Amino acid sequence: MSSWLLQLGFADWLAYGSAGLIKAGLVLVLVLFTPMLALWMERKIAGRIQDRLGPTRTGGRFGWLQSPADGIKLLMKEDLMPAAADPLLFRLAPYLSFCAVFCLFVVLPMADGWAPAGWDSALFFFLAVAGLEVFGVILAGYASGSKWSLFGAMREAAQVVSYEVPLGLCVVVPVVVAGSMDLEEIARMQEGWFTRWFIFHDPFTFLTFWIYAACAMAGLNRAPFDLPEAESELVAGFATEYSGFRWAVFFMAEYAAMFAWSGLGAILFFGGWNGPVPVASWLGLVSTNGPLAGFLGNLLSLLNFLLKALLGVTVMIWARWTLPRLRIDQVIAMCWKYCVPLATLMLVGVVFWQAISMEIFSPKPTGSCTVRCSSNPPRLSQGAWPEETPSAFPLPTRSGLASQRGLVR
Amino acid sequence: MVDSVVPEEFDLLTEEIVINMGPQHPSTHGVLRLILRTDGEVVREVQPEIGYLHRCAEKIGENLTVRQFTPYTDRLDYLAAMNMNLGWSLCVEKLLSWQVPEKCRHLRVLMAELNRIASHLVAVGTYGLDLGNFTPYMYCFREREKIVNLFEAVCGARLTYHYIVPGGVMGDLPPGWLRECSRFLDQFQATLNDLHALLTNNYIFIRRTAGVGVLPLGTAISYGCTGPVLRASGLAWDLRRHGEPIYTQMYAPYDFQIVAPQDGQYPDDGLSPPVPDDAVVGDCWHRFYVRMREIVQSVRIVRQAIQWYQEADGSVGEPMKIQQKLPVAEAYLETEAPKGQLGFLIVGQGASIPRRVRIRSSSFCNLSVLPELCRGCLVADVPAIVGSLDLVLGEVDR
Amino acid sequence: METSQIVRYLRERFPRAILGENLQAFDPWVQVEPAQLREVCFYLRDEPALRFQMLHLITAVDYLEKPPGGGQGGSEGHFEVFYHLSSLEHGHRLVLKVRLPRWKHNQPGQLPELPTLSDIWRTAEWHEREVYDLSGVCFIGHPDLRRILCPEDWQGHPLRKDYPMSHQYQGIPGR
Amino acid sequence: MNEPSLPSILFFLFAGLACAGAVGVLVFQRIVYMAGALLVSLAAAAGLFFIAGADFVGLVQLMVYVGGTVVLLAFGVMLTARRNQPAWQVPGVQWAVGLAVGGCLLVVLLWTVLAVPQWQTASAPEAAEGAPSAPGVLVRSGSRQTSPSQTGTIGPLGWAMLGVRTEQADQSDALPDVRQTGQCGYLLPFEIISVHLVLVLVGAAFLARAKRPPEPRPLEQGAKVG
Amino acid sequence: MFHPITLAHYFVVGAVLFTCGVLCMVLKRNALGVLMGVELVLNGANLNWIALSNPALRSDPAWAVGLDGQLMALFVIVLAAGEAAVALAIALNYYRLYLSVDVDQANQLKG
């Protein structure tokens, strides 16, 4: 899109700035829309699990307008701030959380090439930014001036920082298989039938997925790991003193993060936007058949991706309404005693699996470069600096314009 | 040089803080206030503060005739109002040396046990809620609604029934009621199985409750803990069998088990799952499990009561007159309410208004053991322990 | 064990502490001298043949005799404190009664005193607090004797027969 | 040349944030505000790293520094901050002296920076108009042949950690001889730091533990809860 | 002056961060404040490393340190994390003793 704007003769800063803003707007729509959907799903699914109906009337049928109605109700609520609260941090905290979650979506590819910012270290960026969400929660807990909030914040800090370790180890396993940290690249490598999905790649990736799922739920503070906001213990944890819009922002951040982590799981283990059956390529909906076919194929891919991510969200909702809550010592013990060693084992296992399979099967170019190169260093092609100055950061250079990727190619 | 050296060193966390849990807290089951002194997540001491629901029931009892006081007993343990009515009525009948007809006795057993099921359902459901599982709560309340519907058909009220009164009951059953009741019992076991799957056998549930809040039998007796709390500590003590004759004769024809672990195992009832290895007699898991099993036994009793009631002849008794004079004597009677042993003491003074009414509240005694149970547990264990005691603050505060 | 037998045990052991008995009452009781209450209770709890392990209830009953004519005053009468005991082991029950003056030294405002039983039966701890709160009996040696049901700053003891019904509390009208 | 370009706009945005955060850490008196200002400063520094082409270092900065260290600091703040903390006022004289010395330091540093003319002009005209480009991104790792536009410092950095300096190898296919070129990777420092980190963590955990269990203190009667 | 971005720009920012950090270490009485000062100093130094690694920022690109600068920055970041952990553990221990994190009171080595 930015290249298109540049061709129209915009100044580069204006072109890139406006393209960035438009993309940010699209991401914002996504970040606002997915919590609404997830919330409605949670209400309906929880209702069914509990032998009741959930919302039925708002918006005519199925209560499909329930989430916006809730949002409007929250907006109209009185905005309370305790006298003991720290006014600045109290106000700031929800937006900090929300911003971090917003940034998660920036690198999430929804279809081939449809990532707001494709990047070869997208996965690393995702992990780094995911760690920032906790800061909003900590500030909220501290700034509320309530002991329950402080408890919630401390639990959150301990839990999230702990679970970042096994999560990081888990996501490295598909990276080892793919040999790339680029989420688009990882997803592209799983094209074809569902047997190409990384979860079916080898026993280690299969087991890793389950560790990933548990750790992601713990990192997201979803039940049964929802200790920072355990309502029967800490009233509402860090969110005790929040009401109205600011509470809604926290809430949206939580649900959007659920979606983002489900999406990451779909990309890493379930083929990303690739369906279980390569229908799109049968129908010829690939970009080699022209831009329209590529666009339609991408639409199909987008649908695929959203369905997978929502399936992950559904599983989280299902777990929440089925399981009791763990205790904080059990949660932390689970992290350090089970998840971290298991994830490490999986990592070592998958490295050996790759090495052995490389020996047995003919080395593929997309295989693990780590293994190949340790015995035979890569061909060291010398880039031409300073004649050609490729940029590390997907910030534009004129020379790299043609390959700029955007939400729309 | 700083002299203000604090001699204690704590494990990892630093400063002890005093937190108020309640009276507005989601898991204190009403208006209980707990003052926690915590060191990080570890609770050093718990101090219950009660009285937020004190409604001067005993003072009111000194100003009303015993017949007029009956509806006030509904308000004690409002989740088991039938059992409250029953305890009061039996105590009055003991003071007046009355006997109610056999049919009335069976009807009372029927109601009391149905209400015990309802009360235990609330206990079990809210216990799941305390541990963060919302779904069993909805299942329990769905079943409780059916019981409450039955009660409403009998007496018109859904919470404070005022049905069992001194001298008898307020009225006979409406036609078709027993059939409805049997239908409820027939479909009920499925819910219990769901609850066992969601709670009793759930790994997380066991980890949260087994070995937590262990109440040794000696401590339980010394604190006057009764009911499921006492039985879960390993003593098969149930006033329905071990009480005073005026009470035990009601239950004499019935066949049921006293649910208490013997050497960590329970008598087989063919329906309940086995005890997990982690569970220690007297812990939260056993207190929960005893209630689950008592529901099964109560279902058995209700089935028998339907039978006995249909076979019995005669009337269902006559409610006593409002201005009935009481002798100059005192009578104390305890009955087995769902929460524990509920006692009423009436001191008559030769008039229709008693000199003194005293209520022994089972929840009051069960709550008093809380500081003992919570010492050194985690903050998250406090709701688990409080919930396992199954308190109703209306009964604690009276 | 029959109640008469229990009373015989007690009379043998504490000839002067047992002031009276009524075995024909609905709940047979013995009256105990307040000064020896603790010894009697220790004995009742620990004697293998008796084993009263459980204290069910502590009650204070105000026997205020209204003066004829319904006039003011009314310091006549006495207090009785009931202790309902039972043995889970032997299945027998007993009521102890202790008779107290309504006021210590008959001076209104001075609460009558009893020794605490809270170290014998832990049940007594809260029950004695309640009796203190509502009836105004002071338990000597109680570890934490303060109001339990009424607010801390409540005036008077509501279950006394001469308790003046207050019409307001902290400026909040009562009726 | 005078036309503003996006990288320079972003640079000044991030630089301003970083400096403002640093000053904030200095001037705020409340420890939580200081932590917040530090967060802003470090995150903005990560942005500057990105602009300078060090994307991997920027990400590590975000993950380790902002997501880890600052969270750790915030944890410490929560554990040690008390609501009625006495204001630890530093005397005004100390402030004045400190600011004077700091000002001198800043002046000296700035003077040094501005004394070198080579530092004040960019090299490549392309880079001057567009983004400053990275030196370490000249080589792509072997697996990245499919998308030639994607470049990054991850591959070279990873190789460097393993002791292979891909970006310094010459055009030939031969392995650079370490002894000849004097170039070697960072395998040994990497290992040393790994071991060092483990030791540090064990030590920190040991330090933070208590020596003996506390005695329970009785709660004051009728404790007033604040 | 503002365009293009050069090494000097980065150095100025680094100098500001460095100076603020040093002043923090000197002027703060809170142990955690001092710790934050250390972080700022390290960060200012890191900024210089990163800037030095990029040859496009200077007119004599041959003098750029290249990837070594980024590696140094990486090591600094990682070591700073370890340093923060140890410093925090010490601060907590200290707080346990004195119920305060005022470094002016820390005048004895006895634990």
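Going by the order they are written in, the chains are A, B, C, D and E; count residues from 1 in each one.
In this text, a contact is a pair of C-beta atoms (placed from the backbone, for glycine too) under 8 Å apart; a residue touches a chain by one contact, two chains touch by 3 or more.
Since we're looking at a predicted model, the values are computed, not measured.
Counting C-beta pairs in contact across A-B and across D-E gives the higher total for D-E.
Centroid distances built from C-alpha atoms place C farthest away from chain D. Legend note: the chain whose CA centroid lies nearest the centroid of all displayed protein CA atoms is A. Centre-to-centre separation of chain B and chain E, using mean CA positions: 62 Å. Separating the centre of chain D from that of chain E, both taken as means of CA atoms, is a distance of 7 Å.
Per-chain Cα centroids separate chain A from chain D by 24 Å. The mean-CA centres of chain C and chain E are about 72 angstrom from one another, to the nearest whole unit.
Counting partner chains per residue, chain D shows two or more touched chains at residues 4-5, 7, 51, 53-54, 56, 60, 68, 72, 75, 77, 79-80, 82, 123-124, 127, 129, 133-136, 153, 208, 210.
Within chain C, not a single residue touches two or more of the remaining chains. Within chain E, contacts with two or more other chains are made by residues 55-56, 61, 92, 95-96, 99. On chain B, the positions that touch chain C within their shared complex are 50-51, 54, 56, 58-59, 62, 94-95, 219, 221-224, 235, 237, 242, 329-332, 334, 341, 343, 345, 347, 355-356, 358, 360, 364-365, 368-369, 397-398.
Note for the complex: chain A touches chain D at residues 11-13, 16-17, 84, 86, 88-89, 92, 118-121, 124-125, 127-132, 134-135, 138-139, 141-143, 145, 150, 153-154, 157-158, 160-161, 164, 179-182, 185, 365-367, 369, 372-374, 377-386, 389-393, 395-400, 402-405.
Contact residues of chain A toward chain B in the complex are 46, 49-52, 147-148, 151, 154-155, 223-224, 226-227, 230-235, 321-330. By the touch criterion given at the top, residues 1-2, 4-5, 7-8, 11-12, 15, 18-19, 22-23, 25-26, 31, 34-35, 38, 41-42, 45, 48-49, 51-54, 56-57, 60-61, 64-65, 68-69, 72-73, 75-77, 79-80, 82, 88, 90, 94-95, 98-99, 101-102, 105-106, 109-110, 113-114, 116-124, 127-129, 132-136, 153, 156-157, 160-161, 165, 167-168, 186, 189, 193, 196-197, 200-201, 203-205, 207-208, 210 of chain D touch chain E in their complex.
Contacts from chain E toward chain D in the complex involve residues 2-13, 15-24, 26-30, 32-33, 35-37, 39-40, 43-44, 46-47, 50-51, 53-61, 63-64, 66-67, 70-71, 73-75, 77-86, 88-93, 95-96, 99, 101-102, 104.
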